[in-house]
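By written order: A, B and C. Residues from 1 in each chain.
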Amino acid sequence: MVKRSGAYGGILHEVVEHNGVLYLAGVVAEDPKMDVAAQMRDITRQIDEVLAANGSSKDHLLTALIFITDMKQKPAMNEVWKAWLAPKHLPTRATIGVADLDGYMLEVVVTAAKP
Amino acid sequence: MVKRSGAYGGILHEVVEHNGVLYLAGVVAEDPKMDVAAQMRDITRQIDEVLAANGSSKDHLLTALIFITDMKQKPAMNEVWKAWLAPKHLPTRATIGVADLDGYMLEVVVTAAKP
Amino acid sequence: MVKRSGAYGGILHEVVEHNGVLYLAGVVAEDPKMDVAAQMRDITRQIDEVLAANGSSKDHLLTALIFITDMKQKPAMNEVWKAWLAPKHLPTRATIGVADLDGYMLEVVVTAAKP
């Protein structure tokens, strides 16, 4: 069974659930003019909301792909990340420096278990 | 059980099936000189073929990662995407602007459920 | 059930296991000054170790995302890849040319089945 929620723009669903895994679409901040820490805080807030709406939470994250347009901002992004997640519940992660995120500094793609 | 099909170049399988999920290799167009819409149409045609050959279809897509070398081409790519997929069956998605796809403008990595 | 191992820097776990799938964090070489072949050999050695420590092996790889900062180095990277993996057990794969891997030439993100 596949369950989809959060249809957006005729392009994607924010969440697709299958076999106990929640797959989330890439999340960007609400405002691309925010600094990188504010963008990450806004992204983590959105992920919390989406996971809560789908019966999970940040303690059940499995994986994260973080795309960033300026690798020098990684330490500032990491501070927000570390403040957000409990050490025992950290997912796997890769941080990839990319050319263009349509004006944003960060885009985060996560998966989570549905407990 | 893991089922692999579509061996390519001693480098990858086009599809790996495990626990009801089909993981597809990155798909590029047959000809890198096509414009972005034609590349996307060719990619979606290939995905349709691979999914059909493995007992699934585009209505069962779970996730998509779209890598694009020129973010200004995203709207043209999106038109093909929207014409391809039914709104109720859209997967999650992230579109990432990257430096180099070995000559191509697009590469698409999807997963799908096997119903 | 989610099982996490290899906590690193308060930022990630090296492996998260869920529903028979091992998700690995992005792996880079120990020394960014190595040439691309040496970086890939070091990455594959680390993946072998992590999979062995978690009850799996390279014969059970499902997917690979390879991020590379210089696509011209792809053939040299591929030679190491092909020497590493048995043709019958190749995963799916996508190789994406990206702007910045924090000084490294390669970063590899894989998943594997736990047999």
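The rule is short, and it goes like this: contacts are C-beta pairs under 8 Å (C-beta built on N, C-alpha and C of every residue); 3 or more make two chains touch, one makes a residue touch a chain.
Fair warning: this is a prediction, and the values are worked out from it, not measured in the lab.
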item	value
Graph class of chain-chain contacts, one of line, ring, star, complete, other	complete
Fitting chain A to chain B on CA atoms, where both chains share a sequence, rotation angle to nearest 5 degrees	120
Centre-to-centre distance between chain C and chain A (centres being mean Cα positions), rounded to whole Å	21
Residues of chain A engaged with two or more neighbouring chains	19, 65, 98-99
Chain B-facing residues of chain A, complex	2, 4, 7, 10-16, 18-19, 23-26, 65, 67, 98-102, 107, 109
Contact set on chain B toward chain A in their complex	19-21, 60, 62-65, 69, 71, 74, 78, 81-82, 87-99, 111, 113
